[in-house]
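Right, one structure below, let's go through it.
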Amino acid sequence: MIAFDFIVAAGMLLLAWHLLSCRDLFQSVVLFISFGLLMALAWVRLNAPDIALAEAAIGSAMTGALLLAALDEFKPSAKRRNGPGPGIASLLFCGALGFVLAFALLKLPPEAAGLRDAAATEVSKTGVSNPVTAVLLSFRGYDTLLEIGVLLMAALAVLSLGNRPPRFVLAPSRSLVLSAMVRFLLPILVLAAGYLLWVGADAPGGAFQAGSVLAGAFILAALVDTGWMSRVSDRQWRWILAAGLGVFLAAGAGTMLSGVSLLEYRGATSKRVILAIETAAALSIGATLLILFLGGTGRMDTDGKDDS
Amino acid sequence: MNLQESYLYFILLASLLPAVIIFFIPEQRHRLRVFVNMAGTTIKLVLVFVLMAGVRQGKVYESRITLLPDMDLVLHADALSLLFIGLSAVLWFLTTLYAIGYLENSPHRSRFFGFFSLCVSSTVGVALSGNLVTFVIFYEALTLSTYPLVVHRGTPEAMKAGATYLAYTLGGGAVLLVAVVWLRILAGPLDFQTGGMLGDLVQTYPLELRCIFVLLIGALGVKAALVPLHGWLPKAMVAPAPVSALLHAVAVVKAGAFGIVRVLYDVYGVDPAAQLGVSTGLAVLAAVTILWGSLRALAQDELKKRLAYSTVSQVSYIILGAAILGPVATIGGLVHLVHQGLMKITLFFCAGNYAETLGVHHIHGMDGAGRRMPLTTGAFTLGALGMIGVPPLAGFVSKWYLGIGGLRAGQEWVVAVLVASSVLNACYFLPILYRAWFREQAAAWPEEHAGSRFEAHWMLLTPPLVTAALCIAAGVCAGSDWSPLEWVKMITEREYAPR
Amino acid sequence: MMASPEAWLVLCPLAAAALAFLWRSRGAFIGIVSALINGALVAWLIALMRTEGVRRIEIGGWSAPLGIEFYADGLSPWMLMLAAILGVATAVYARGYFKDPGSWFWPIWLMLAAAINALFLTRDIFNAYVCLELLGLSSVALIALSGNPDALAAALRYFFVSMLGSLFYLLGVSLLYSAHATVDIDRLRSLVSETPATLAAAAFMTVGLLLKTALFPLHFWLPPAHANAPAPVSALLSGLVVKASLYLLLRLWFEVFPGAIFASVAPLFGLLGAAAVVWGGIQALLQERVKLVVAYSTVVQVGYFFLLFPLAAHPLTAELARQGVIYLLLAHAIAKSAAFMAAGNFIRVVGSDRLEDMKGAGTALPVSMFSLGLAGISLMGLPPSAGFIGKWKLFSASLTAGQWWWTVVLAAGGLLSAAYFFRILSPALAEPSRLGAKIPRTMKWTPMALALAGVLLGFLAPQLLEIFEIGAPLRPAAAMEGGP
Amino acid sequence: MNYSVDNVLLGSAVLLPLFFAVCGLLPRMRGVAAAGTTPAGAAGLAAALCVSAESTLDLPWTVLGLRLGLDETGRTFLFFSAILWLLAGLYGRGYFRGQERAWLYHVFYAFAMAGNFGLILARDAVTFYVFFALMSFASYGLVVHNRTDFALRAGRIYIVLVVAGEVALFAGLVALIGRTGINVTLPAGEAMAASPAALALLTAGFGIKAGMLSLHTWLPLAHPAAPVPASAVLSGAMIKAGLLGWLRFLPVGQDGYASWGTFFIIAGLAAAFYGVAAGLVQTDPKTILAYSSISQMGFMTLGVGAGWMAPELWSALLVAVTVYALHHGLAKGALFLSAGIAPGGMSRWSWAGVAVPALALAGAPLTSGAVAKSALKYSAHELPGSWPAVLGVLLPVAAIATGLLMARFVVALREYHSASHGDADRRWMVPAWAALVLASVAVIWFWEPGAGFAQGTLKAGKIFKAAWPLLVVAAAGLAVYRWPPEFLTRWIGRVPPGDLVVPAEAVLLFLRRTVARAAGRFPRRAAPDLGNLVDRVASRMLGLEKSLGVWRRVLIVLLGLALLLFALSMAAAAK
Amino acid sequence: MNAVWIYLCTGAGLIALGVLALVREPHFFRKVLAFNITGSGIFLLLVAAASRVSDGPPDPVPHAMVLTGIVVSVSATAVGLALAKKYHHLTGHTALPGEEDEE
């Protein structure tokens, strides 16, 4: 298996090098998506299925989508001029960086279980059995709260910039095939998202993965028909965007008000609370990723009397 | 806080509050501003007299606020403080009056008088400081509150002068801070103490203390306009006349000189300073300043510039007196703090009057001014003669004590310096008087001020006349109980009595 | 557990951000109320700490290696206080500045407030990473708020800098976790040793945070970013955001990394700090735009903060140095915000921020002029301002430690500050011109209040430093070991 | 404090003139002031006549504690000075009638009078100095009163020397008393051993006022420039202030100063002869009188020197000098006043009025001059060494020379037409003048200590002895009368009024021009173009700053810093 | 030498590459890509280091951290791209002023 790992590792490095240095931006994006898939493989090899799922859904697919949407803006100047290669000094310093890192890592003790055992003993108190979900939403739930904040922040930032959406969104495809496929795919994607959400408590999966699948569904829908979005009012969109954070905050406030520490939920209620949070979060994540993809135009900040 | 302590704050507030209020008075509310100004100055004058009476009986007023756990803001009124405060309170009163007249109908009066009062508050703070840290605080405040006054006219020239002023004074301030911190580390709390506060440190850190002394003098010498740190003073002459009066007589230059006196007497102490040998160096520097200032004054044709260089020279009398280290010289130096103030402010008031009424700024244009403005020129004459040291005017008394003090301390050369300076003073003042009184007027003066019964607006005329009268009084009545001289003698007795 | 202001300090601004997003037209109102609540919460926290001392609270009921903990010793409420003061001031000022109450400013700013609060309270270096990212993104969005190309360029530059810094920081966190299986500062402190992983982590985290703190020679991004943002944003960025990464850096060097290497690294920091003071000062002198001058002044001030390292390494001066720096931090935050706000007023009235166009602005805006002057006093370290107290302590520390060269740097910095502040003030004082524009009263008086506070805080040093000394933060291991 | 009659008299001698002087400054009080100034000298006279020797007036609250009183020397000085001031005042009342600026004259006159009285009455050093300065500066106003170019130039030279004298006195006084106190009771010379520097400074300081040779230059300019009555007090009274200063401050009459005595004698003799020589070639009668004053002050200087050389003779010499001062003051005053009368026409009686004081100065028998000279000679005989012989020859020669000068004066006075104006009121002038002539004749006979000497001169032998030079004078006078002054100039050379001043002025002017030319040759600042340099440095710095922001360099800086930190900490860890 | 070390070194390599490109590449787009690559390297490093176990599942805490990190990085990517787009839209530039632009 080592050989496989070698190949994956070498492939990642090669792809990375190539995607960062190739002339065509589009090519870069494609290579980046491939890189993400290789990464997912690596995650699997490293016994990290949750991350593998997230990588595939978010790291590779979502980011790829974002990049493609951005490429739409940069197309006219997407070609790279053959400039001077990286200077010797830069190469040297980066090499030194890699060397120092490798040196430090190789000096690490070969065996380290980390907090695995501590987590394993405490996981039963959380009401979920997937240790990663337990860490995410219980042990380090506070991190996740802030992370949801980061997502909302990203949405705010993008909205505040008020970019136009990519052209292919502004002019939705009239292709029948595409629209038929989308109509077919949409329910499946929503279902899959629901599944990922539900299963996250005990197996790989969870709000992020579900959210990104949901986002995929939203984006597909937008690609064939922007009209559906206008059926949801601005205010409703904003509520959806803020729902994840809102529920999380409500949970936090609730725990505080009930006299326990922030985000302290145990036993029977725990799973329900976590599920509620995850559901709202997944919804918001989906909406947020859609906003990020669309680049925050037109639709959602119509009432934003921009001050610039 | 008991009543005695609160006096100190009242004195500070007597100018600080008006400052704050004046900033908010709309430009056109002239009467209100005048009222606030005059009320502040009057109250302050009364308070200072009350305090003086107390100090005379040997009381010492003190108040402490903790600024940092190991650093107090100390206000402290002893005889030396009151010498300075007394001077500034009296002159502030007159200068305010003068400024009201001088700036009639000119823009930004609220700003001007606000900073004016701030400046005086800082001066009072400098005088009342009970330790070096407090001193530094007010000293810097003085720098800052004076700057807007220097650039008040807003002309490019004024801005340039302001820049020079700031460059010098803030540079000095930075050095001062370094010196004070250094001293603080060596000597602990820097409370002023009669006879110095160094104690045995003189033996332990002779080199350090010398360095600190040099730094301190370098810093304070900027405001005191010691050569070669005096460059800002003549440039600052672009400011309106009341500001010049403030710079030269009431506040800034005096604060520097006062600081040097404090450092010499109440930080280092007379004996340690002599042991370290720093006082002689200071005296020589002062002497050089006295002569250089006079020489440069000789070369000026602009009246105010000449007066400015004269200040450079005269203020160093104070420092010379202090540096000679002896009771008699100390009396001479300290009393010159007051006397120089009275004389120089008279001269500046008069210079302002010439500029304002006759439009005369240069000495070559002063021909016949005496006949057109006899009262002003009379006051100017008294101030100038006092500067030369003609008895029985105030300047004579200082010079007399300085000369005898120098001799008593075995420093005969001091007398030579005084003589040379007097000659130079005569050389640059007498020609002015000659022109004003004895030359025929060259060109027509501007039109008379309508409605004025006197040669100038009464608010412009009264202050120089009063200060000129004070110049005479300070000399003629030097022996009386309330003269600056007697007050200074009291300080000197207290300073030298313990030993 | 209701009595945990820490949690509310994070929840409230986050909730307010969400609310300001949901009801955008009420942004200003929500923002101001939130800022006030924030102030009350900080006061509450300080009150609690005065009786209890250091506070440590588990989040979610999970204790440290597995869970995350809130932690507050003297440094935290100090920084929170600073954030709270600036928060209220910014809110009031921004209400006048952004004519549209529904501006995007409000939710983004509230996010930033939440991130800052969370960062100052966390004891977990990974959690701190998330906070940093939240902070970074909100700052980027705020810089870009005006939407003009210069602002966008500055925002982009800041974005990449911020990301680069965060990545280096995260790299360090990863290394530390890999080596010690914890991200809790206290546990790390007892675990770290001089292994390559730890040292590499130290190096990477440090440069990452230095980049975000804009220490010379990594300051290149700061002036354009701070100068192109809207005035209230500049105030926040300079006053607060720069200090967030500095805070983290201080925590790391004083509480995580082994004391043995502190002493060998400290002079380097001192050197860079000194270089920043001089270089920043010179650059500030050469700028032609008001806000650039003020922004370079931040580069200078950041340099001052780093003098803490060499001075804290000396056992005799550690206390003086940290109190001095911490007071400078406070002074700078308040005064710099005031300066940016006042400068904003000038720009609003003059319509340009070139120095040459400022002629006579002081006549039109005497209050702003005065505020700028007062702020300058504090930044120059002139007495009796808060800046003076800080400088005084640093002066004392450097002279006591026998490292007089820092004194020279400090003095030079003060003089340079005076020089460049004068460059702003002097045209404003020059010949009056007729500028008639009106600005809202809130914009006029907020910087004044801040500037006055900057001066008056000089008198509150004993009381305030008492708060800072709760739990005696920022005591380097080196100083403790080498102490008498 | 005891305000006895004495105190009131002492005070009023000074305060009354002061009061009127200040009055004169107020426009509405000018009339009162002029009327008051005229007889204000009477206050001094009253004090001289009535105040008892022991009484002093202490004013501790003034300056450094003013102290007024009267000793015997002072009494004589006050006496003749007061007579002069009083009569010149009355004279001036008429002299200035109708003149526009008369009030200003009166103001200065009163100030100078107060100063003169004050310095005579001064019982301590500071008081003396204060009043001396008051008198010196106030007389500037008298000198320049006419505002002619001549007067202004005279004033300029006068004030330069006044200032020089003031600072010399200041330094001398400080040096004299500096080691012992702040102030000292007069006479100061007895109390202490003075340093040579102090003596030299005091000698010079008072020497300027006393017209000591080489310091005399202001006299021949100021006296003719001033209005007539002012010249009278300048030459009669104020010039004596210098002498009094010597008497008060120098340790004359003490052992150990023989060389100083020699110096004074030589200086005195030189002045006596030079004054005559320079005076003889002058044409203006007032200039002649001024040179005569220099010459006469030489005799008094000689007296002081003799007393110093032979301390045992001092008590007698002091009297002699005092008597000489009395004589010269009144006689010279009378002669000066005559210069104001002459242009208006002189009767025969009037010429008698001119002749009597002139003869007195020449030392004619039965005049005050004879008395004074005999007093001086009497003591000179007792001097040690060859001095009696030398003086025995020189003094008669000097007397002859003085006689010649007086003859020259009379000649010049006959041709004198200027210096008065049409409005002058002779009804005030002539009686005042006459009174002064009378006083110059009479006073010596009854005023102690002059009276004692005077009776001594009445012996026939002495009269003859005093008269024989006069015969020579008569012959020479005839010669002078016959030959025009050109004859004298051929012998003596042309001496412009103010003699030494003229070359001094030329030298100063030359120096000033040279310095100015030299200064002009060197550009004030040869500094390089600093502004340009600053600009270049600034743009360089800005460029450097920009390059720091280039990402490529950022990378290097960032990674370099990281690697440096890593290396540093590794090194520290390795230790 | 097992898989963990391979991935650790790969992580180090990706980081070095990413940093190099992040700083070297002027184009916003590539900067964003580089930033993602660097992030991936760090995540890889963290998870690989947590996999240094001979038996049983690896430590879940780094996994959670990486999940958080991925979300953060996608958020950042979106913001960066949005900014770059708007900047390009306004000015036509694809790189920061002062960086060499590709046309």
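Observations on the model:
A, B, C, D and E are the chain letters, set down in written order, and residue numbers restart from 1 in every chain.
Criterion: contacts are C-beta pairs under 8 Å (C-beta built on N, C-alpha and C of every residue); 3 or more make two chains touch, one makes a residue touch a chain.
These numbers come from a predicted model, not from an experiment.
If you take chain B and chain D together, the chains in touch with both are C. Think of the whole protein's Cα atoms as having one middle point; the chain whose own Cα middle lies nearest to it is B. When you average the Cα atoms of each chain and compare centres, the chain farthest from chain D turns out to be A. Ranking every chain by how far its Cα centroid lies from the centroid of chain B, the top place goes to A. By the count of C-beta pairs in contact, the leading chain pair is A-E. Averaging Cα coordinates per chain places chain D and chain E 100 Å apart. One simple way to say how far apart two chains are is to compare their mean CA positions; for chain B and chain E this gives 68 Å. Here the CA centre of chain C is 28 Å from the CA centre of chain E.
Rounded to whole angstrom, the centroid-to-centroid distance between chain A and chain B, based on C-alpha atoms, equals 73 Å.
Counting partner chains per residue, chain C shows two or more touched chains at residues 66, 126, 130, 133, 137, 140-141, 144, 147-148, 164, 171, 175, 177-178, 181, 196, 199-200, 203. Shown for chain A are the residues in touch with two or more other chains, namely 90, 94, 97, 100-101, 105, 108, 112-115, 119, 135, 139-140, 143, 147, 150, 153-154, 157, 161-162. Those residues of chain B in touch with two or more other chains do not exist in this structure. Contacts between chains, counted with the stated touch criterion, involve the pairs A-C, A-D, A-E, B-C, B-D, C-D, C-E, D-E.
For chain E in complex with chain D, the touching residues are 19-20, 23-24, 26, 96, 98-99.
Listed in rising order, the residues of chain A touching chain C in the complex are 100-101, 103-105, 107-108, 112-115, 118-119, 122, 135, 138-143, 145-147, 149-150, 152-154, 156-157, 159-162, 235, 238-239, 241-242, 245-246, 249, 252-253, 255-257, 259-266, 303-308. Within the complex formed with chain D, the residues of chain C that make contact are 164, 168, 194, 196, 199-200, 202-204, 206-207, 210-211, 217-221, 257-258, 260-261, 263-265, 268, 279, 282-283, 286. Within the complex formed with chain A, the chain D residues making contact are 552, 555-556, 559-560, 562-563, 566. Contacts from chain C toward chain A in the complex involve residues 1-2, 4, 7-8, 10-11, 14-15, 17-18, 21-22, 24-25, 57-62, 65-68, 98-100, 102-105, 107-108, 111, 114-115, 118, 126-127, 130-131, 133-134, 137-138, 140-141, 144-148, 171, 175, 177-179, 181-182, 195-197, 199-201, 203.
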